[in-house]
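Next come two complexes built around chain A: one with chain B, the other with chain C.
Here is the complex of A and B:
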């Protein structure tokens, strides 16, 4: 049986674009061929889970049915009532499969049977719909649209994480001809930029250099097993991580545009960030905005509403800590992901102190292009170091 | 609006056409420099092993294929490539193999060479360590098999037992499954059917693209191994004198095995064995049995291919470092039976040039480490290989027997 992993090789792009051609012609003339789009999407999603991966396919179907029941049930309930315990339990049930999938490998040698490629991203989407139903910002939920939103093929495996209302609006409104052509233009640019990122730069950093640097760092060990090679590994890994994932995200955005959907961008020159806060507004943006809106803000409001902490600064510090700790656990239940989360929480808290200090002493502190360059340099190195933690290589170096 | 569409998609279409053109047009096969060939012949790289261009040009000169696996990388001063280069022998080894390459990889990857090898000579170092219960490991096969070579084979495969056996084994390796065209073709060959017309057309297009890739990219990197050869050449005496070489081999071997009493090269011992690792390996080869293995059938594929090309092949069976075998608990009687079985398979079919070194594992400085030839071992190889490749040889007469593809043979434990 054929198996096609999304964006894995040139063949995939050719096959997908040929399959999407009728849809493109339809959109060009102002029609969205819904049935055809559904068939093509279903076919390509099926081909992701054929052969040895069939169990993941079954898990995906079961997962989507489960989330559909939860969301439909809650939407119905929410039309007449609104209590916190019900809301909390529904959200808990919604993230339960993801929790099981993330915790299982930490407990034993096996992966959970519930897992499949993309479960995190689907969970983010489902939880987001539940939250907005609770807030009342989603009033009318169409189950057909919810399914389309959850299973939107270009982004199913790794995001970017779109928002339901934005997606539904795009979907209902077919772009005008000149708008659609402009979207295609962006799509072509993103596609080729993605090729350059993922298949050339990502390949050089990830496939050609990374294994050699890893080997060198394993052989030449100094104090605490540290070495110059480890330093090079750190920067190389950061580059690999960015170009691989940014390339992937560009593909997903490009294919969304081809299908007439303006999926939001995931990266905005993250290594030019001036501080850590700025970095999280540029790196894996749809994820960090999701965490901002549904973890950070919620925690902040919760603390304020229940008057748990009086000091506003302390509130945001606690919220950051919880926010990044959850993000760490989401990446996986290992010490290095959790330390990665805590490291970023620490960095952003220190950064906040600095920003307040700067505000107070604005007159005395210089601000010019050199201080900006210094800020970028420091931020870049802090981020690269955090990625070294994230890479898990220290775990191999120290404990394996 | 049409104009804008052209502005957007015109460059894409043009780029696609250029790439297709570059891959499908028959490109000229540019000549490689002698320096380049020196380096590539000793590189042990998968690009050389699976490619076409470099091997083709080497064989057009005085290169002779030396098939093998990890021992080829033991490039001490007595390595065949060093001796041949130093003493300007009439032949130069084209090293084919690396750790993990076994019969099936060699069978696939020599396809494009076969027309050139017709009636020629070759040296084949066959390791008993290939003949495990599992045989060729699929992951290693995936690393070394070349789609270019596989497509070449598929286009000439017939309906005989050998080709059907090969197709079954290749399907079991899983790697060719990445190409739908090749996998479907393998199924047909395995079932004893001829390829369909569309399959042939598809394979030919794929083959052309792969050949062009080989032409365009096979020379992008250069191997550093030629430096090892040059370093070895500097240590050798000016004249090709067996007695002087033997004295030097003992001298170098002695100096390089001072860190342990297993007769293992210091570097190898310090990097791979010293300390905890060595203790873990005590008794680790107890229960290793090289007598039952699918490798015997895979090896038969090679024999069949050599016979078909009327090649004269010198086989070499290297020993195991006896101290190491004793330390790890390898059963010597079973090992000897496996060697006997392999020799039977060769002799029965008329392959009579076999240098069996399996009893020499206890000779000093014969092995460079655990299972790999070194110093004196390489010289023992040279005593046979040099006359084989430089003096006239009788034409071989082969009588192939398809029985050696059967499961019954794979599971036979003793012969005679």
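Here is the complex of A and C:
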């Protein structure tokens, strides 16, 4: 039985584009071939979970049915009632499978049977729909559309994380011929840029250099096991992480465009960020915006509304800590993911102190292209160091 | 005070700037309004104008200028 992992090799792209050809012709002439699209999507999702991965496939089906029941039940309840305990319980139930999958490896040698590739990203989507049902911004929830949204094939394994209302609007509206042609042009450009990022640069940084640098860093240990090789490893890993993930995201956006959906972009030149706040507006954007809208803003809103903390600066600091701690835990229950979260919370809090200082002393502080270059340089290094924490290599270096 | 004046007063409190003459200035691109200010803006709209805007309704592209905020507040008030 063949097994096809998304965007893993050229064969996948050829097969997928051939399979999508009738859909493309349909969209070009102003029709969305819904049944055909459903069959192709189901086939390619099935091929992700064939062979040894069949258990993950079963877990995916069970997971989607479970989320569908939760969302349908809550949508129905929400038509007549709206209480906080019910909302909180439903959200807790919705994230429960993900929590089990993330906590299980920290407790013992086995992975949870509930897990499958893409569970985090589906959880983000389901929770987002629950939150918007609570807020009343999603009034009419079509369960068919919810399933299409959850299982939209180009993004199922690793995002970008779209929003239900945006997706549904795109889906209902077939682009005009000239718009669709422009979308296809973008798709072709993203596909080639993605190939360059993931299969050339990602390969060089990740497959050719990274293992050698890791080995050098393991051999030449200095004070605290640190070494110049570790420094090189840090920059190399940051490059690998970006080109691999940005390349993947470009594929996902490109294939979405081919299917007539404007899936949002995930990266916007993150290494040109002027500060950490700016960085999070450019790096893995659909994730950081999800956290901003559904964690940071909600926490802030809650604290302000109930006047739990008076001081505005303190509120933002607490909200940042919660925001990035949740993000850390989401990556996995290991010390380095949690420290990664705390590190970014600390960095953004310090950054805010600096921004306030800068605002107050605007007249005295110089501002020119050299100070901007310095800001980019500092941000880049802080970010690369955070990725070294994230990589887990320090865990191997120090504790294994 | 009408809705427009109230919104301008709230924005003035948050950013220290008077937007009466710059109703189309982009508040997010210029960095005048961050996430914290946004939440405070929503809370002030709620308490001063009775405009109930949930956080998840907040689509930045539809709230990015004083003029748009005034339009939104007038529509839901």
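Simple rule for what comes next: the second predicted complex is superposed on the first by the 400 of 400 C-alpha atoms of A that agree within 3 Å, B and C clash if a C-alpha of one lies under 4 Å from a C-alpha of the other, contacts with A are read in each partner's own complex, and residues count from 1 in each chain.
What we mean here is this: a contact is a pair of C-beta atoms (placed from the backbone, for glycine too) under 8 Å apart; a residue touches a chain by one contact, two chains touch by 3 or more.
Because the structure is a prediction, the values reported are computed rather than measured.
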Partner contacting more residues of chain A (chain B vs chain C): C
Which of chain B and chain C A:177 touches, first, second, both or neither: first
First (chain B), second (chain C), both or neither touched by A:185: first
Touching partner for A:2 - first (chain B), second (chain C), both, neither: first
Touching partner for A:212 - first (chain B), second (chain C), both, neither: neither
Chain B/chain C common contact set on chain A: none
Residues of chain A touching chain B in the complex: 2, 177-178, 181, 184-185, 188, 192
Touching residues on chain C, where the partner in the complex is chain A: 34-36, 38-40, 42-43, 54-58
Touch list for chain B against partner chain A, complex: 1, 4-5, 8-9, 12, 180
Residue numbers on chain A that touch chain C, as the complex places them: 131-132, 135-137, 277, 292-294, 296-298, 300-301, 304-305, 312, 315-316, 319
